[in-house]
């Protein structure tokens, strides 16, 4: 939760930038009426609209998806004008990956970074309650929930963190133009690599049975693909291009089709996935897709010593060639 | 709802090979020795799209072998290097998705040892035997 | 996020120790990690460096004049110059080794079919390099003005040469030609991307060690060498002058060069290339980083009347149809003539149904 002072400072600099014509618009999060505990992406173009911008533990959506190749939120810019965007740690990594792949021109962007306090999985909160939520507030350590049937509850915040945030080492946004002061509460962290190793030591049959039983719920709605900030073939995706000469998927949801679809998605991301967890968040069947991306991230880190999205010039391992590997020196 | 039983495995092996690693008499010998193995010619192992290999795996092919030139001896300079990395990435994704990654393998030609491919095919057959795949 | 660079004074020492230990690795693995057949060319290049170093030392003492040449060579081989005999022996043996390794390198590339299509330019330059190497060796034997020199001169139909002619031979063939060889080598290497020009440290150490032992055990003969008619004939470097007459030698060499130059033209492939579909290209340019021949460039493509986008474009002349970009293109926008995505998928489908 941002303090009042930081929020006021943040809105002040954005307002000044919009008034002076330095930026054409600002992409951030705003609260949604009637949907407590949710925020959505919003482009502020006038100083009045800036007052709607917020950042809190419910700002879960990855904004860099909207600046990549898939959905392009940047309007036509005048010469010398920029487009403002607010990023947290995982967004900034995806933004850098998009810059490295020519998806977005970094010179056109004015990036404000925040130190992320970790986000709250609202579905996890909702699943533990009898009634639906009317209002929810966060004071850093406790979640104060007000329910539709008039009851009130105080929940310990550390139990409801999104699992992706617990293992994320990149709390602070990378390579930004302006970093807001660090006044957020610290989030607990988990030793992800140790957990991953213990997971991989389980027998393959056990892992296979679990992930296939989960994936068999897939309805092939492609929500994970649409939410993914690393995917960029917008209308050219080989899964649904109508004129594609070679069809990879059959009609209907056979397990072969489901696995092929997920293989195409995750093979394309195998060396570029920043492990932001958007696919698992977007999945309407709540399939633990982050289990797959975490294994990919572990593979990339251990074999190739590469973390996607940590530099705007990095080439990914599948597009990179190391001479030493060939000569055996 | 689909289940694991929907993924049948047939006793079929496909070899994707570089056109300069396996050609002429060598290819004919292998075809004569293993009539049940399918050989697919590629311009280079770097040409192989792992999606095609994975699709073949889930459609019922027992095992897939990618056979390329020795490292540092590729006609296209880096092709086998990229193939090796792509196959490794594909194996990792397949493992995460619950498909046995050992059914997909990458082997290199050895200029001093022409039995590499024969041994690999035999090893894959033994693996299919141990998995209980019937003809 | 640049990697931090730290300078360590022990770095050269580490390199030496690691390299020396590398010998044991190489020996232990039975030369498994290093394919000698692929290192023939780089060993030839190493020998060229030995020739330049030893030649540089010898050029301090050698005098290119008719009456001083023999004396200066004797002076080099005497005890007055430390290691003089060793250096001269090395210079001559390395020349022979260079011809042997160059020929082996050519045979290797010929049997591995590395001389056709896109690599043919490297092959042609290589033929020129072989001719130059043999020419430099033959003229190099004239320089000491001893028994061998008189045999070579007799072969070319001259009993005596003038002072100026010796000077010209020295300057043109022993200083000028190596410079030309270097220029040709640049061309030779430029045809390969990232060529492994230098042999591995361990392999070079082993090779140099073996060469040094041979040179130390069998130094070239001293005084007897200089008497006409009483010398060991160098069959590797000088086989040309025992071919009978200059006409026969010239025609034999001409025939050999003609055959070598004609070889790449047999069994040439039909030119195919990768093709980009500009409508669907999303402009990530991963293919540009993937291409080993730098055959892909950026190009403007008109989406509508006044809207353009950057797309990838394959330069047909440079493309050697390997297909690395085809498999690396995520939206599968690139296709390869002769190995189309559709054809491969149909083939695999047919095999699945069997």
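The chains carry the letters A, B and C, assigned in the order they are written, with residues numbered from 1 in each.
As a working rule, a contact is a pair of C-beta atoms (placed from the backbone, for glycine too) under 8 Å apart; a residue touches a chain by one contact, two chains touch by 3 or more.
Since the model is a prediction, treat every value here as computed from it, not as a measurement.
Of the two interfaces, A-B and A-C, the higher number of touching C-beta pairs belongs to A-B.
Chain B has the Cα centre that lies closest to the mean of all protein Cα atoms in view. In whole angstrom, the spacing between the mean C-alpha positions of subunit A and subunit B is 36.
If you average the CA atoms of subunit A and of subunit C, the two centres end up 52 Å from each other.
Residue positions of subunit C touching 2 or more other chains, listed in rising order: 194, 196, 290, 328, 332, 341, 345. Chain contacts: subunit A has residues 318, 327-328 touching two or more partner chains. Residue positions 50, 55, 59, 72, 78, 82, 86 of subunit B are each in touch with at least two other chains. Within the complex formed with subunit C, the residues of subunit B that make contact are 10, 12, 14, 20, 38, 40-44, 46-50, 52, 55-56, 59-61, 70, 72-73, 75-79, 82, 86, 111. Against subunit B, the residues of subunit A that register as touching in their complex are 204, 207-209, 211-213, 215-217, 248, 253-256, 258-260, 262-264, 266-267, 270-271, 291-292, 295-296, 299, 303, 317-318, 321, 325-328. If you check the complex, the residues on subunit C that touch subunit A are 1, 33-34, 194, 196, 200, 280-286, 289-290, 328, 330-333, 341-342, 345. Residue ranges of subunit B in contact with subunit A, taken from their complex: 1-4, 6-7, 50-51, 54-55, 58-59, 71-72, 78, 81-82, 85-86, 88-90, 92-100.
Contact residues of subunit A toward subunit C in the complex are 69, 101-103, 232-238, 241, 244-246, 268, 310-311, 315, 318-320, 323, 327-329.
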